[in-house]
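Got a structure for you, questions after.
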Amino acid sequence: MRRSLALLADELSGEGGEWTVHEVPTGTPILDWEAPPEWNVRDAWIADPADPAAGRIVDFRRCNLHVLSGSAPVDRRVPWSELKEHLDTAPDRPADVPFRTCEPGARWGFCVSQEQYDALAARGERDYAVRIDATVAPGSLTYAEWFLPADAPKWPGNEPAEVLISTHVCHPALAHDGVSGMAVAAELARTLAARPGRRFGYRLLFVPATVGAIAWLAANRDRLLGDGADRIAAGLTLACCGDDGPFTLRRSRRGDAIIDRAAAVVLNHRDEPSELRDFAPFGYDQRQYCSPGFNLPIAGLTRTPDGEYPQYHTSADDLSLLSAAGLGGTVGVCAAIFDVLEANRTYVNRKPYGEPRLGPSGLYAAFGSDPASAAAQRAVQWVLNLSDGRHSLLDVAERSGLPFPAVARAAAALSAHNFLTEPAAGDRRPRPARFALPATSCPR
Amino acid sequence: MRRSLALLADELSGEGGEWTVHEVPTGTPILDWEAPPEWNVRDAWIADPADPAAGRIVDFRRCNLHVLSGSAPVDRRVPWSELKEHLDTAPDRPADVPFRTCEPGARWGFCVSQEQYDALAARGERDYAVRIDATVAPGSLTYAEWFLPADAPKWPGNEPAEVLISTHVCHPALAHDGVSGMAVAAELARTLAARPGRRFGYRLLFVPATVGAIAWLAANRDRLLGDGADRIAAGLTLACCGDDGPFTLRRSRRGDAIIDRAAAVVLNHRDEPSELRDFAPFGYDQRQYCSPGFNLPIAGLTRTPDGEYPQYHTSADDLSLLSAAGLGGTVGVCAAIFDVLEANRTYVNRKPYGEPRLGPSGLYAAFGSDPASAAAQRAVQWVLNLSDGRHSLLDVAERSGLPFPAVARAAAALSAHNFLTEPAAGDRRPRPARFALPATSCPR
Amino acid sequence: MRRSLALLADELSGEGGEWTVHEVPTGTPILDWEAPPEWNVRDAWIADPADPAAGRIVDFRRCNLHVLSGSAPVDRRVPWSELKEHLDTAPDRPADVPFRTCEPGARWGFCVSQEQYDALAARGERDYAVRIDATVAPGSLTYAEWFLPADAPKWPGNEPAEVLISTHVCHPALAHDGVSGMAVAAELARTLAARPGRRFGYRLLFVPATVGAIAWLAANRDRLLGDGADRIAAGLTLACCGDDGPFTLRRSRRGDAIIDRAAAVVLNHRDEPSELRDFAPFGYDQRQYCSPGFNLPIAGLTRTPDGEYPQYHTSADDLSLLSAAGLGGTVGVCAAIFDVLEANRTYVNRKPYGEPRLGPSGLYAAFGSDPASAAAQRAVQWVLNLSDGRHSLLDVAERSGLPFPAVARAAAALSAHNFLTEPAAGDRRPRPARFALPATSCPR
């Protein structure tokens, strides 16, 4: 895991963000937990002393999933009758080695394919030399964060709000459910760093699942509560985002936070299908960030979700599942979602009585058959019509059904031509409830 | 009807509840009405004096529906031309005798099958002896109630709130639309009485339709208004609940009262289909309990509803329509709904920051493939996540889609292990509006 | 256009309303605009001097769409190579002359069918005499309004609220998209004038699209803002309402204004299909009336909408598209919608405890098989049940799913029999939020 973080540090060096690796000593209280002891493994194998020719029958060097993650060390001779109690398999994936974990040092064990298991069983009752060269010892819990500050110093309040992106780094041996999140986050960091005029700071967290997120929350608890309650404006957990599967958004606990709405607007305008799911308090670290004490507006973005593809948590979750298009498409969707956050504003139409004369400003192309200009005109009319100080551009995109970028372009042009102004701080009226108009007049 | 009540009294004696029969003297004002005069019938027949061998051509002793319910007495000779004006039939059910009623004493009449009518018509014009030995006279309107007090004396307020169950007893000659409600209510009474620790009192009403419910409301009006407005926490009218048809819930006038939501959660988790209908101010006594002045949170539960099966209100609505499974299933659904009311509470997660450590408490089985334990873990996580003093367990069941019993078991375990506490009375914040998340981000 | 208004004046004379024609001098500021110069055309043609026998190859007298609307005058000889740059066609409708417009005097041009264009092109390069006898000069912008006052002088506030009906009169050469609105509005005026006891005043606007609506809003701005904000209780823009297509309602910007709800209730109870669309800030003058500064509760009613039929904005949009049934049906639907506004009230049930005794009042026919009386009874029960001072008759119609007229008849009968009273002005509680009951209990 630390090697992964080192590679990420190289990738992100020189991008302008600040890279920090945190080491939390074993036993440090982190919310309701403690930083666990460190587990390190160097080598592991199963051999048959009576059959040296067979060599390492199970060999950590060939596949590091062969060791139960967190396994206690062992260096003994054990009969098959005992050894088989220490072997985990995935019977429904006979050729693949499963990924299994235990509390550090709780027990010792190997993970093997069902085929390996059957071959061992076929050799009958005999003794085996088993070796797991691992240590479970005090050390530290490691996680890293990369922070890219906002350009705009004048965000309401003393400092800009932040967007949080979190991905887990605790099983880099898996591809779709492991490195894909790290790869997308790193590329996303580069994309964000290349953008001028950011209103938000962007904080990328590279954490071991659960304990890492809990450690970050513990370290930042005071920043996030009380006055800091709105410090995190939005966020995403990223995982399983490297294949070509459709995007799946898991909404935040709030259900209608701006991240939920922005992601929906972006996903609904792609020509590929995607799925919006309500929040659920499990799966990855959304359940930590969205725990009731924090209730952060953080949604979860995946392509084919964890547990919903056959290779999940086996040695078959390898690079063959990933594609450049899949990884790059995820970067693009994340960037588009953050574009919505950056561009979203609430305006007041300075000429709210009737339709203003746009011709002189050159904004209003003569009506023509050019669909692009027609679409642009529709966006202009929607922004003018709903800009009453109560509807944000996101509200406009939602109600008009237009793509957000078209709405934002229209607003920028109108603003540049002085048709729009921002509401006085005191005058910012609450936006009206979003009513779902009944299909018929009966409210049933 | 009084014989039915006597049988019910026997059934319920010794169950611990309090049985009361109320006699409301004819003419007593009951809300906008008056207790009607009593109608009693002893015997009735149609015979042909010229054909004594034919005996009783229509005979009350064979089917008591033969007499128009409420019919005035008669003892005359009438020609066929006159008699036929006093005969009611159900032409679309030629073999069945219809059930018809009139204002007591308003007219005299018989109900016969279309086949009987045709046979009489075939006999041609002749005189008949008609006899209806009935009386319409001052007496009393009779209804009964059975009250099972709550065990818990410490319900907020001076006395526990009540759950009301009402069924009509006015035409025991019909099975699905008559005795099924009485039978289910009686068995339900036994089930409730066997439960310790009831937070609610349970009041079962056995009333003649309309006037009986109105009489009870009149007698209890002051208890139900003003300070007593919340005395009835929930309720059900029970009728047509003995066949094997799917359950149909008619919501209360409030539409989202706890009874409506609890019933929906229970019905939606059965593997048989069921139907939820919005309130409508007709059919049975829901329209009395849900009249605007009382607006009690009382829903209506049936299986195949009144008027939606061919034998409705005919002599064919007999025991052949009922089944033990149908009757027992209704008892079970009612009990499950009341379980929701009894178990529903609002908690505060005492460890709301991140995911608390459940392992030590033994609550958290090691992740395994056991679906049952996985489901239990999901319920535990949902309860912890939504227990912020604003979501009840019913809210948790609704949002999670988990069966209420799983949610309640999780809450009980979490509470026993001190993870949950009840919010301070003053601190009970209103629960957030239940938003229906749009399928897409467009609020249209 | 002025001839159209003169015809309308004749049609409406003696109907009791007040007819006013407004002339707004060219250059008068109207909101963000100015009244444009007048464009008048007397004659126009294209001829071939070398082929006098051919006569007028393009002749305004045959089809007045041949002149680009707003065209500058011209009287020249031009070679085909130049002329063809001044010809507009509708290639996808080869036999039809398109309707095209430009800013008054911005350019000169003819509109011809593709077939005419091809015939001219076949004649090869040669000179043509072109003549457009038109003027673009200071004058006035003309629009008319017809106001029918309310009969009831005692509408809350000093004067009765108004219902606005607006239709465009700027291209009477088109039938469905032109004269149909004028014809329906005129017939509707007669229908409204014939009704006694109107609670609302009715104001019909006959305006050139966009500038006419803007001119009226400018002239009435002060009446419509501030204290006058509720002066316009409801309204409709009428256009494309003469064919046999299904009705399409475009909701007001408010989305749930009483006009939106009344129109939905009416359209949902017709046996023909109809479509309800959310507001969109384009198409006809709804976008002026619903601009954010005014936000008037004005919906748009059409049959086959503009741009959704192949003859749209061509010479084929002629009387053959219209039918008496289509025009008359639109008048009927408008009248039915305004019936809802006129009859809508909020009542309090004077006997709210249980079901009142309706028999003595004769309101309650003995239960029978007559479906009409059964429907009437249902309406009576719904009105009694929801009349708690918080539900209007429109709310009753929406929740019950009954036709509004049945609800209104029931309310009138109940009111006549003293079962209903109007809430004291101070006691008018807000109507409860219209909740959309979830299909299942899970708010997902």
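Per-chain residue numbering starts at 1, and chain names A, B and C are given in the order in which the chains are listed.
We take it that a residue touches a chain if its C-beta (ideal position, glycine included) is under 8 Å from a C-beta of that chain, and two chains touch if they have at least 3 such contacts.
In UniProt terms the chains read A, B, C = Peptidase family M28.
The model shown is predicted, which means the values in this text are computed figures rather than measured ones.
Taking the definition of touch as given, a chain qualifies here only if it contacts chain B (Peptidase family M28) and chain C (Peptidase family M28) alike; those chains are A.
Residue numbering at the chain A (Peptidase family M28)/chain C (Peptidase family M28) interface overlaps only partly, since under half of the positions present are found in both copies. With centres taken as mean Cα positions, chain C (Peptidase family M28) sits 51 Å from chain A (Peptidase family M28). Looking at chain C (Peptidase family M28), one finds that residues 278, 399, 435-437, 444 touch two or more other chains. On the side of chain B (Peptidase family M28), the complex with chain A (Peptidase family M28) involves touching residues 278, 349, 351-357, 359, 377-378, 381-382, 384-388, 399-400, 435-444. Only residues 31-33, 103, 210, 213-214, 217-218, 221, 251, 253, 255-256, 261, 264-265, 268, 276, 278, 280-282, 287-288, 290-295, 398-399, 401, 434-437, 444 of chain B (Peptidase family M28) touch chain C (Peptidase family M28) when the two sit together in their complex.
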